[in-house]
């Protein structure tokens, strides 16, 4: 048994939850903050058999990898009047930090 | 040293806390959600010596094992008028998922 | 790779965060309660290379070790009128409980 501890952005948390359930993996979620991420994030605890670790990592990568996203800011970004003109900017979103830990003993009551 | 990570239903969280304190074990509690449990749950982190792991597992089992509970719903359960008549139903409550992890190094400052 | 799990008082949480960032360590923070601490505490998850574990432990010790602090209660401490006279008392604050766990596999997406 392994315990996968994955820290993901809140933005990707719902998508990851859905994929895990769909593939039959159980996860416990903890609200977390910090890392270099300014936004809130979610820490997933996922108990999984040794030979399924790669499957879980693939789902995490698929749901949460760092990517560029184009967004059009709706809010003025400064004091300059020009800043009120909305124009698309590219921002980096997502990203997951994952620790895989060995489990000595597992129990379910 | 071992770290026991136990995910238990909020319903059983207080009882487990009390038992742990009574038996001299220290626990840190984290609010968590998910698993197949719809309701909120609590993740306990319990640092414990190797030879006390079984004692902690026994306390968790005692406090949190899955069991049938008869409850009488106070709220109507549907649109049908019959549903307003309270009658006892049996629901499954409790259950704990427990990971025991080896601790390389322990420190207390 | 190691995972350092540190439970510290909320009081010391900000100072520890700052030191970790300043020294280039990333941490994820989880709100937690319990232990023998009455007050809220914060659980830090810090992923770190083997040879940096001692550095992280030193930062935790520096930021969070148990210490006496003199405080002057602003609130009456009992029914006795004398209790309204503010006088400095020494209280114990801080303290950290730290588990170092081996990480089988680490990934960042």
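Should a chain be cited, it is by its letter among A, B and C, assigned in written order, with residues numbered from 1 in that chain.
Everything that follows uses one rule, which is that a residue touches a chain if its C-beta (ideal position, glycine included) is under 8 Å from a C-beta of that chain, and two chains touch if they have at least 3 such contacts.
In UniProt terms the chains read A, B, C = Cyclic-di-AMP receptor.
Given the structure is predicted, the values throughout are model-derived calculations rather than measurements.
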| item | value |
| --- | --- |
| Arrangement of touching chains [line / ring / star / complete / other] | complete |
| Angular offset of subunit B relative to subunit C [C-alpha, multiple of 5 degrees] | 120 |
| Distance between chain centroids, defined by C-alpha means - subunit A, subunit C (Å) | 26 |
| Two or more partner chains touched - positions in subunit B | 30-31, 101-102 |
| In the complex with subunit A, residue positions of subunit C that touch it | 1, 3, 17, 26-31, 45, 47, 101-109 |
| Touch list for subunit C against partner subunit B, complex | 2, 5, 7, 30-36, 41, 43, 53, 57, 60-61, 64-66, 94-102 |
